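Chains: A, B and C, in written order; residue numbering restarts at 1 for each.
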Amino acid sequence: MSHALTNRILAELNRVRLIDPHSHINPHAAAAKTLGDILGYHYYTELAHSAGLARDRIEEPGLDPKEKVSRLIPRLCEIENTVQYGWLIDLCRAFFYFEAGTITEANWEGLYDRALETLSQPDWEQQVLERSGLDAVFLTNDFDDPLTGFDTDRYIPCLRTDDLVFHLTKLETRQRLAATTRIDFDNPLEFEQALGALFQRFTRGGARACAISLPPDFEPVPVAAPAAGRLFATLRSGSELTLEERRQFSQFVFWKLAEACAEYRLPFDLMIGVNRRVYEAGVYQGQDLFDGRCSLIQYRRLFNAFPRVMFPISVLASGMNQELVSYSWIFPNVATNGHWWYSNTPAYIELDCRSRLQAVPQSKQIGYYSDMYKLEFALPKFTMYRQVLARVLADDFVVARNWTEEQAVELGRRVLRDNVERIFPKISSNAS
Amino acid sequence: MSHALTNRILAELNRVRLIDPHSHINPHAAAAKTLGDILGYHYYTELAHSAGLARDRIEEPGLDPKEKVSRLIPRLCEIENTVQYGWLIDLCRAFFYFEAGTITEANWEGLYDRALETLSQPDWEQQVLERSGLDAVFLTNDFDDPLTGFDTDRYIPCLRTDDLVFHLTKLETRQRLAATTRIDFDNPLEFEQALGALFQRFTRGGARACAISLPPDFEPVPVAAPAAGRLFATLRSGSELTLEERRQFSQFVFWKLAEACAEYRLPFDLMIGVNRRVYEAGVYQGQDLFDGRCSLIQYRRLFNAFPRVMFPISVLASGMNQELVSYSWIFPNVATNGHWWYSNTPAYIELDCRSRLQAVPQSKQIGYYSDMYKLEFALPKFTMYRQVLARVLADDFVVARNWTEEQAVELGRRVLRDNVERIFPKISSNAS
Amino acid sequence: MSHALTNRILAELNRVRLIDPHSHINPHAAAAKTLGDILGYHYYTELAHSAGLARDRIEEPGLDPKEKVSRLIPRLCEIENTVQYGWLIDLCRAFFYFEAGTITEANWEGLYDRALETLSQPDWEQQVLERSGLDAVFLTNDFDDPLTGFDTDRYIPCLRTDDLVFHLTKLETRQRLAATTRIDFDNPLEFEQALGALFQRFTRGGARACAISLPPDFEPVPVAAPAAGRLFATLRSGSELTLEERRQFSQFVFWKLAEACAEYRLPFDLMIGVNRRVYEAGVYQGQDLFDGRCSLIQYRRLFNAFPRVMFPISVLASGMNQELVSYSWIFPNVATNGHWWYSNTPAYIELDCRSRLQAVPQSKQIGYYSDMYKLEFALPKFTMYRQVLARVLADDFVVARNWTEEQAVELGRRVLRDNVERIFPKISSNAS
């Protein structure tokens, strides 16, 4: 009975059209071209590497996509248990007429060719959006991305600011910012002017969020202008900053970004907890890990200082989810956002989803984002989430609290779709 | 079948009469007077504020209770998903003849008036105790509460010591302690005498626990008398203590409290992990949060030094629950106590309850306390707990371990009721 | 249906013959002699002590086993709820013709005598291995254990190195190492030679793992030879090392062990997170606890430095399990290993098992080890694990992902058995 109930709720959730609030889609090449693009997703390369495939077999320069797939296939049997492999099978069945339960050395070539045929259709991008129920997809744009040549109602710009906060100490990054804003900056005031120009271009270009990923030990605090001025002076002189100065410089830039978010009314999407390049011999994008010892208490000054900026927050460690629930329950400007990366597996989604639905105002929860690099992954990833969500709605709301199925589905619709529009509203172009 | 089994166990648990081992009840105004007292519970004001209601709309001085309710109602729809909202509906159905599933702008006034009628009955306090199955309720008494004018068998005094440990540096607190004990104290020895007088008054007044809430970074250690003497001298001189001196002074007072607990045979109820005033613009009692990075290893010296003091422990972060299970399994003087605040939602209760029942001696587990400010909340809060407990007993004991239903119910009874009496026994008045 | 499915999978898992990859079995006295050996397992003594039995009642010198049991029995009723008590009942039913659900003051003597009869059979050791499905059991050998006089195919040596890493500062430990290797060492180079001799003896003696348990604050880093040389010189002079020097000395020895593991192709089994002697008045082996604030990030240099050494990892805190999942998913040389000690209860095993099966390559997961001191405990402990595993396979694979039962059982077989052979292969005796 509960199983049938879950399936009825799931069927309704499957009808909800989606806006995916975080992805790494390239709007100029949004869909995959070959199965190589699919199996090139870092989940498959890193898991295959973890299971024993040498990195240089995967990342050999100039490797033909079909050859790359042929090298990955023999290792896939070691990862058939993973949910990421499950996405792959779901995707192949949904889009490539695949009927087997596993991809093997015997059946992969036929799959490769059928995939190529499908992916080569001129309207494939439109088809995959439609069949995945996607109305729009948020992008991850470098600060000097041009934001032109694509439909920004479908592919919504999002200003990604990791480079500014963590790499503005590099001359090259400063030159890129000066070039894109046409503002030479050499002190805090000029830097603020450059940021202003940047935010103006992004908000006029349709951006609906500013975003950043942050290491576990990051703690946002304001940095006074004179101290920041000395840091700019050191950089100007060509000297290296000390570790402590680098930390302070990152804090300065981050705080200025938050001020710009306030001024330009952009939500500031924080993805908290990643340590970059922990496994330096790992495959591309398969080098980052985390330190679970991180707390949202580090963000208290930020949340207090910017009551008008909405902070949708993703945490990398499921162990931080209870803090996220509690901070979202108390702070009006903190919202829960999706299930990120190492927490994006059903075991963790289930606990995190349940605890959020039980204690955070329903208007402040963004259920899920795909984090995908190619459009084909929205379908299996959102499907995984919807299955968990349907089960939680059935058990915790219909059964435990006697909600009607309609109420449960409505709650699901809010976290799946409505809150994306509410929390990341369209900015009128003359804001500020 | 498992569902029916759970319900049979639940029906038995519902018959167990309760002693609520921790509340904030005012024994002179134990029940609510209006729906304003119900909706004024910080869970509703803080969640409504989190969902967008301005604090000054909620906390306007002199606000009429009905007007206050009328302002909260429109925001309640944003928190219908929360379990705290579930308590509200359960409570209104149980006590106020409410039949709808949600409180709306259309139906709230009728509810307000029916509630007023119910709450105005002269024997309402007795009724709500009876209908909630409550035999007695522990209080939270300031150290200078008079403890008179109420039945201390029904409302059991509990000495709350946060002010002593964290605010004795304030002249006003020292004066209050001197006044209530009639002992002027200006050095460690005199302070111990004051504490002795205080504990004597409380134990003679029927107190059955000493209690305190502690921040995540607190670490109890003994402080030698000369060092403590210097701190008293500094205070006497009117100087401010440094941060480090304040920390040491708190440690001194805390350790002396533990010694008094040993002498007067009071359990020392530790509520570990709260950071106060994290969100300073929040509503009353809606400003506190936590830092999950806290460990019971900080308490090793305490647990070792006081083998005869029982320490019932609440942890704010569910992430600390496994430590609590393990420390209770190893230390004879450590017991598990309820599901506190941000961990008091079914998703966390379930995991925490299961892990405790599987590994801590059954005699050392206090299942639940209400933490309520008004009597009406015992019913829905204990109901939530009993539902989780019944499910865990059904799944983990009857199904997984072939226990009889009677055995399972008996285990439930122990953690719900018997252990409260065992762990917080009546103190004979001439103890010490 | 799901229940029947789980039982069908469980029945198949019960047929899998086991190699237990971690135990404390004494190969010269592998089985229990009396019920006193069973109830002497630290779980029962520490839980009985936690429930109020004085340590000196349990550890009285020269205590007769039957008398010891008679003292423990009255306290067992307080721990009937624990899963550890569940093991005891399962064990008594499986081996000692016990039919009651609890051991009481009325029935224990009969049980004691029947147990004695069973355990006194000359072929009991063979019987218990057979009835438990055990093909082989890994040992925990001190570095100067002789490794002779037993069948090393059945009882597989494992070099335990806690003493070397944490107690080589003691003269006695250094003398023991010098004696067993016949190499006097007084500097880093000579110490490496001694380690070489030690690893040679162990690998020739059939050892298939090097193992160690580590405190939460341990961080492996290489220590340069000159710094290590100074530490040896200080030790030679008879001076005490400072705390910081002791830490560095432990790091030096640990790193050298990892180098030896690389050279001799031994997996290095890390058991991370235990604080020793937290409760010093506790019973034997019932004094250790943990600090949940520990991260695998502390091991980044180790994992990067030794790509050819496999590190099967156990974490004491379930809160570290997500890090373990993530590090095993990224690092080819990190594998998940069992459910250790305070995480070895169904509530934690379930979450930890689910998250591992969903995201770590199936070839890199060792499902379970017994950690037992007497052979009789393999049956109930593996049974507990198999029950959880069967449920997870049923729910997360057959139901949620449409796997066939055969596929699910095959996955179970890999983590239960095959991976032990894969991750701890037999070393050819002329390795290095």
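Note that contacts are C-beta pairs under 8 Å (C-beta built on N, C-alpha and C of every residue); 3 or more make two chains touch, one makes a residue touch a chain.
A quick note: this is a predicted structure, and the numbers were derived from the prediction, not measured.
Q: How many degrees of rotation map chain B onto its copy chain C on CA atoms, rounded to the nearest 5?
A: With C-alpha atoms aligned, the rotation comes to 120 degrees.
Q: Same residues or different residues: which describes how chain A and chain B meet, taking over half shared numbers as same?
A: Counting which numbers both chains contribute, under half are shared, so the two copies meet through different residues.
Q: Just how far, in Å, is the C-alpha centre of chain B from the one of chain A?
A: The separation of the two C-alpha centroids amounts to 39 Å.
Q: Using the touch definition from the top, which residues of chain C touch two or more other chains?
A: 293, 319, 351
Q: Quick check on the complex: what are the chain B residues that touch chain C?
A: Residues in contact with chain C: 293, 295-297, 300, 303-304, 307, 319-320, 322-323, 325-332, 351, 354-355, 357-364, 396-397, 400-403, 407, 411.
Q: Which residues, counting only chain B, touch chain A once they are in their complex?
A: Those in contact with chain A are residues 46-47, 49-52, 78-84, 86, 101, 275, 278-282, 286-287, 289-293, 317-319, 342-343, 345-348, 351, 387.
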